[in-house]
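Just below sit the structures, each encoded as structure tokens.
In what follows, chain A forms one complex with chain B and a second complex with chain C.
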Partner chain A sequence: MTKEELLSKLKTIITPYVQNEEGLNTLTENTDFIKDLEINSANLVDVVLDVEDEFDIEIDNESMEKMLTIKASIAVIEDKLASK
Partner chain B sequence: MIGNDIVDLQLANTQSDWQRRGWVQKIFTIREQQYILASEKIELLIWKFWSMKEAAYKAHQRRFNLPSRYNPQSFRCTPKGEVYVDNYSYKTVTETQNEYVYTIAMGSDIDYRSSVYDKPMNIRSKLKETIIRKLNVDASLICLTKDSNGIPIVNINQTTMQLPISITHHGKYSAFVVSV
Partner chain C sequence: MVTEDIIQELPYSKPFLFVDEILEIDDDHIKGSYTFLKDEYFYAGHFKDNPITPGVILTECMAQIGMACFGIYLLKGEWVEADFGVAMTSSDINFYKPVYPEEKVTVIANKEYFRFNKLKCKVAMYNSKDVLVAKGIVAGVAFRK
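The block that comes next holds the complex of A and B.
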């Protein structure tokens, strides 16, 4: 899977939880889920569960800790896909 | 240091499906899950523990100037209101109403002022009024701003005061707490 495909899938996953639509239009690798997209912190766990379902991977607590930005989430997904 | 967190229960139950497979397991420790399952008001305890974790997270991050993390399981709640993280503990006070759950967490016993609002309003100006009354300083000298981590801080006469504050919003509710 290319990085673009991965980013596009991740964008689809986070969209329903985004409360600041403008942040979605200006999405970059550095976009922060809470600060820029205003995703409710209780919904971050839904993002993690959706990522697990979509990519058929398991995200442990240590990896989940990092999943606050697009960049960090992509790194976690790539890492888990590689060790599948 | 101090932290607070409010949960609008009506909104929480539309925003989050806590019965979703894996949801409770990702957020709560095994011990917390046992308390939750044994509770007569499962939903309420879920949001109470959640607000305790969030409030303690804020107090802990501020105390040690830590980077953001999504580690709700690292903050371990007890039914008596303590929250443990690493080798530290926080005392919490939770107010449970029909429509919201509100928690204040602190590293040690301190005096504080806190208010909850159920209508849209400028919470920063309310907080400012409280600080003015308490410290008896001129309004023009007080400036509420944010540090580089986005954490609210108080400047009095252009000097950063060590006055712990915390602000929280969810749904139609907002609240502040200030240690005075």
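The block that comes next holds the complex of A and C.
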């Protein structure tokens, strides 16, 4: 899976939880889920569960806590996919 | 964990405690009950001369049993009342029957997931005639203060 494909899938997953749609239009690797997209912290759990389903991976507590930006989330997903 | 202990650990008190007893509990579900008192404070205004339990209070009762009590159980001893806060993060409930003063209700919650200290459940409330009163989905989180 290319990074573009991964980013596209991640964007689809986070979209229903985003409160600041402008942040979605200007999405970059450095976009922060809470600060830039105003996703509520309880919905971050739903993002992680949707990521698990989409990529068929399991995300542990430590990885979950890292997944606060696009960049960090892609790194976690790539890492879990590589160790599958 | 003894079910009386779970009620003791709840972060609520009168007049906003809506759990009397836990009847069943395991990793997948909880069943609990509450009997609304004749003189709950909200009956004075909801409605004028016509006391009916507000839907938000029914939702709260379902959340206290189906989220708070169940969550404390699922945290398996990690819960310390002084260290944790709880918050309801979403609810989607439909109401079917009114609940009057002195009615006993039973709440059943079935776990959809419990991950990263977030609990999401399907909940249903029944009256003493076992008729469905309210049904839906609630979710909440426990967090260290």
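Details
Criterion: the second predicted complex is superposed on the first by the 84 of 84 C-alpha atoms of A that agree within 3 Å, B and C clash if a C-alpha of one lies under 4 Å from a C-alpha of the other, contacts with A are read in each partner's own complex, and residues count from 1 in each chain.
Assume a contact is a pair of C-beta atoms (placed from the backbone, for glycine too) under 8 Å apart; a residue touches a chain by one contact, two chains touch by 3 or more.
Model, not experiment: these values are computed from the prediction.
Of the two partner chains placed by superposition, A:57 touches none, neither chain B nor chain C.
Once the two complexes are laid over each other on the shared chain, residue contacts for A:74 go to neither chain B nor chain C. Contacts of A:7 after superposition on the shared chain: neither chain B nor chain C is touched. In the superposition on chain A, A:48 makes contact with both chain B and chain C.
When the two structures are aligned on the shared chain, A:34 is found in touch with chain B, with no touch to chain C.
In the superposed model, more residues of chain A are touched by B than by the other of chain B and chain C. Contacts of A:24 after superposition on the shared chain: neither chain B nor chain C is touched. Note: residues 40-43, 45, 48-49, 61, 64 of chain A belong to the chain B contact set and to the chain C contact set alike, using the contact criterion stated above. Those residues of chain A that touch chain B in the shared complex are 32, 34-35, 40-46, 48-49, 52, 61, 64-68. Looking at the complex, you find that chain A touches chain C at residues 40-43, 45, 48-49, 61, 64.
Those residues of chain C whose C-beta lies close enough to touch chain A in the complex are 87, 89-90, 113, 115-116, 118, 139-141. Note for the complex: chain B touches chain A at residues 12, 15-17, 20-23, 26-27, 50, 54, 68-74, 150, 170.
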